[in-house]
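Some structures are shown below for you to check.
Shared between the two complexes below is chain A, which has chain B as its partner in the first and chain C in the second.
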Partner chain A sequence: MDAAPTLAHYLAVSGLLFAIGLAGVLLRRNILIIFMGLELMLNAANLSLVAFSRYHLTAAGMPNYDAQVLVFFIITVAAAEVAVGLAIIVALFRVRQTTHVEDLNALKF
Partner chain B sequence: MLAFGAGVVFLRNPVSSAMCLVMAFVSLAALFVTLDAFFIGIIQILVYAGAVMVLFLFIIMLLDLKSEEARKLNVTAWIGGGVVLGGFVALLAKVLLGTPSLAALKQPLADPSLDDVRAVGFALFSDFNLPFQIVGVLLLAATVGVVLLSKKELK
Partner chain C sequence: MTPQTAPWFILLTPLVVAAVILFFGKISKPFSAGLAIAGAAFTCVLSWWLFAMPDFTDPIRIEWIDFARLLGPESTFQFAVPIGVTIDGLSKLMLVVVTTIATLVFTYSVGYMAKEEGYSRYFAGLSLFLFSMLGIVLADNFVMMFIFWELVGVSSYILIGHYFTRDSAAEACKQAFTVNRIGDFGFMLGILTFWLVTGTVVFAELEAGIGAFPSSGWLVAACVLVFCGTVGKSAQMPLHVWLPNSMEGPTPVSSLLHAATMVAAGVYMLARIFPILLAAPGALEVIGWIGGITCFAAGLMALQQDDIKRILAYSTISQLGYMVLGIAVAPVWGVAMFHLLTHACFKCLLFLCAGSVIMGMHHEQNIWKMGAIKNKMPFTFVAMVIGGLALMGFPWITSGYYSKDLIIEWAWGVGPGWFWMAALGVLLTALYTTRLLWVVFMGGPRSEAAKKAHESPIIMVAPLIILAIPSIILGFPGIQQMFLAIDHPHDVPGWVPWMLKAFVFLGIAIVIAIYRGAPAKDPIVIPFFANRLYIDNLYAWIVRWVQDGTATASGFFDRWFVDGLCVQGGAKFTWATGFVLRFLQTGNLQAYALFFGAGVIALIYFLIAIS
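So, the complex of A and B:
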C-alpha cells in the first residue's frame, strides 16, 4: 500500500468500531454481549484519542501525551467497570437465572 | 479488526463473541503501536486481552450460557437500532469527508527513539497527579464493591 494512513483513516476505523459497539448494545438481548459492546465503544474512543495525540504534535515535535494519559485513565476505569458490572451480572443470574434483558421486566410499565 | 468487532455482535454463541473480542482488542493494540503509542498498546494487551477477557470467559463459564437459538427477533428494536446506526454512520462520513484538515499526513517525530513510558509517567505524576490518586481510590472502591456483591447473601 503506497498511501500513508491519514488522521481521517484512523477516525473512520474508530467511528466504525463505535458503531459496531452501539449495534451490540442496541440489537443484542444478552446482557453479556451488551457489556462487550460497551467495551468496544470505550476502545473506539481510546483509538481516536491516541490518533489525535499522534497527529497533533507539540512544539517539541513529540506526541501530545495528555491524550495518552487520558487513555490510561479510561482503561483503568473500564477495568473497574467490567469487574463491578460482571459482579452485578453474576448476582442477577443467581436471583433470576437469566441473562436476557427481556426477562428482566420488573420495572416495565 | 472491524470484522472481529462485527463477530462480537453478530455471532450467536457467547464464547465465539468473547474470542472475537480478544482478537479485536489485540488488533486495536497493533493500531496503537502504529501510532507510536507503545505504552498504551502494551497496557491494552495486558488489561483488556488479559484481565478483562479472563473475567468475561470466567463469567461465561460460571453462568454456563448456552448458545441462544430461535429467540424471536424484536422487529422494533432492529428497526430502531438500524435507524440510529445509519444516522450515526452517515454523520460520521459527512464529518470525515467534509473536513479537509483531517487528511493531514503523519508528521515524523522529532525524536524517533521515543521512550513514551517515561513521558506518560512524567505527565501522570506531574500534571495529572490528583486524577491519578482519585483513580487509585476508585479502584479500591471497585474492589471492595465487587467483593461485597459476590458474597453469597446480600444483607
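So, the complex of A and C:
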C-alpha cells in the first residue's frame, strides 16, 4: 500500500472537518458547542492552507511560507475571537440564564 | 413747468395719488376722494394747457432697455425699449378726452359711492387706472404701450371686482381679464413680429422700417396680430363677451373704463399705427369686417336686454365697432377718433345717468321695474335724453350725428357690405336707445321703487349737465375743427345721409308705437337676441368641453400615472418587498447561519460558473 498521502487526502480531511464544524453550527442547540463548531471550521481552513503550502513548492523547491504565515495569523485572530466570544457568551448567560439558541429569539418579525 | 415736462407730470401724478391713497386712505373718506379728484383735475388742466401748445419731441426720453449699450454696437442682438412720450395731435386729443372725463367721473363717484364699502380702495383703483390709461396715450413705443395696456387690464380687474364678495362680480372680473389675455397674446405676437422684422418697437421708427418686411403678407399678419389686442380691449367680436359682464362693477367705473376711455384704447392704438395700417390693405379688410359685424351684431343683442347697464354695454360694443370700421374705411385716423371723442362724451353721460337712475331706484337695474320717473328725476331725464339722442345720431343737433354719419359715408365708398351693416346699425341704435329711454322714463311706474324714485345729489347731477353740453355741440363743424382735421368723402350719393336720418326717425317711431301703452313687460320677445345670439352659451359650451375635457384627461394622467404608478407604485413595491422579506426574520440564529452558508455556496457556485 502506497503510504505517501497526496494533496487530495489533506483536502478531503479538511473538507470533512469543515462539514462537521458546519453541521455542529447548524444543528447543535448549545451555543458553546456551536462556538466549538466554528473553531473546527477555522482549523479546517488552516489545514488546507498548510497542505497547499506543502504541495505548492516555490521555484527554489521550498514550501510556500505565505500560507503558513496566514495560518499563524488565523490562529492568533481566532484566539482573540474566542476570548471575545466566550466573554459575550458568559455575559449572555448572566442575563438570560441559558445557553440554548432557541431561547435567544427576541430579534424577529 | 415747461410743456416738455408737463407730460411726465400728467403721467406720474395719478400714480403718486394712487400710492398715497393706498397707504394713507384710512385717514378719511374726503381725503381719498379729494386727493383723487385733485390729481385728476391737475392732469386735466395740464392736458388742456398742453393741447394749446405746439407738438414737440420728448427731450426727457429714458433709454430703459438698451442691448446696444449692454453688448456693444457690434452685437447682432439689438433690442432697445425707451420710456418716452409722444406729443402730437392724436395723443393731445386723447389726453384731453381721458383726463376731462376722468375728472368728471371722479367727482360723480363721490356721490355715487358715498354709502359703499371700500371707498378709498375705489379711488386708489381709479387713480391707478388713470395712470395706466395715460401711459397708453403717451407711450412712444409698442412695448411701453403693452405694459400700460396690461396695467389698464389690472385696474379694470380691480374695479370690476370692487364688490368682490358678490360671486357675479368675482366671476366677471376674472372673465374680463382672461378674455383680454387672449387678445393681448396676439398683440404681443404682433409686437414681436414688428420687432423681429424692423428691429425697432418705436412708433416713429416703425413707419420707416416697414420696408423691411419680406412680403406684404407678413405685414398684414403682423398688423392683424396687433389688431387682436384691439379686439380684446375694445370688445370686438368675437371677444366682446367680457364687456357686458364687466357691468358688475360700480356704475362710474362702467362709465369711465368700459364706455368712455379704456375700451377706446384699442381704437387709439389703431390710430397710433395708422400709417402702417394704410400700407397693409389686407389688414384693413379684416379690421373693417370685424368692426362692421360688431357694430351690427351688438346692436341686435342690445335690442332685447332688460338690464339698463347691459343695454348700454352692448351699445358701447356697437359704437366701438363703428370706430374700428372708421379706421378701416377712412384715409385719416381723424374719422374714427372723432367718433371716439363724441362717443366718450355721450356714452359717459349715458352711464352716469344710468347710475343716477339706479341710485334713485335704490339699486334696481331692470328697466321693467322702472317707468314714469321723468318728473321725479328731471335733470337725469333731460341729460339722458340728450345722451340718447347723441347715441342715436339724432340729425343736426347732436354730436353723434356728425361723427357716426361720417364713418358710414366713408364706408359707402369701400363696399356695400360694410356700408349696409353700419347703416342698419343706425336703425338698431335708434330702436334700442328709444326703447331704453321710453321704458325707463315714460309710461307708468312698474314697481314701488319707481314710485318713490328721487333725484340724485348735486355732486352727481353737475357732471351730467357738464357732459350734456359737449354731447350736443362737439359735432358742430366749427367746434369739431378745434380738435380734429377731417376729410369728408366726395362721392356719396345724396340719398345716403337722408336715409340715415330716416332710419333714426323710423327707429324712434317704431319703438314709441310698440311701447306706447306702458306695458308691464316687454311686448316683443326675441330669444335669439335676448340670449345674445347664443355666443356666450357657445363659449360656455366650448369652455366646458375643451377645458373640462383637458382637465379630465390630465386629471386621469395625474391620478393614475404620476400618483398611482410613479409615487404610490414605488411606495407599494417597497412596502410589499419588505412585507415578503420580513418572514426571513425568524429569530433563529441557526436559520440565519444556514442562509448565510447557502448564500456563500451560491456565490461560489456562480463565481465558478461564470469564469
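Here are a few things to note about the model shown:
The working rule: the second predicted complex is superposed on the first by the 107 of 109 C-alpha atoms of A that agree within 3 Å, B and C clash if a C-alpha of one lies under 4 Å from a C-alpha of the other, contacts with A are read in each partner's own complex, and residues count from 1 in each chain.
Keep in mind that, in the parts below, a contact is a pair of C-beta atoms (placed from the backbone, for glycine too) under 8 Å apart; a residue touches a chain by one contact, two chains touch by 3 or more.
Predicted model, so just to flag it, every value in this text is computed and none were measured.
After alignment on the shared chain A, the placement of chain B and chain C results in a side-by-side fit free of clashes. By the touch criterion defined above, A:Pro63 lies against chain B but remains apart from chain C after alignment on the C-alpha atoms of chain A. By the touch criterion defined above, A:Leu26 lies against chain B and chain C together after alignment on the C-alpha atoms of chain A.
Contacts of A:Tyr10 after superposition: chain B is touched, whereas chain C is not reached. Which of chain B and chain C touches more residues of chain A is settled by the count: it is B. Touch criterion met: A:Leu107 reaches chain C, while chain B stays clear of it.
Figure legend note: chain B and chain C, brought together by superposition on chain A, show a least Cα distance of 7 Å.
Where the contact sets of chain A with chain B and with chain C meet, they give residues 22, 26-27, 102. Taken in their complex, chain B has these residues touching chain A: 1-2, 5-6, 8-9, 14, 17-18, 21, 24-25, 28, 31-32, 34-37, 39-40, 43-44, 47-48, 51-52, 55-56, 59-60, 62-63, 65, 68, 71, 74, 77-78, 80-81, 84-85, 88-89, 92, 96, 99, 102-107, 109-111, 114, 116, 119-120, 122-124, 127-128, 131, 135, 138-139, 142-143, 145-146, 149-150, 154. Across the complex, chain A meets chain B through its residues 4-8, 10-13, 15-24, 26-30, 32-33, 35-37, 39-40, 43, 46-47, 50-51, 53-55, 57, 60-63, 65-66, 68-69, 71-73, 75-84, 86-91, 93, 99-100, 102.
By the touch criterion given at the top, residues 582-583, 585-590, 593-594, 597 of chain C touch chain A in their complex.
Against chain C, in their complex, chain A makes its touches with residues 22, 25-27, 34, 101-102, 104-109.
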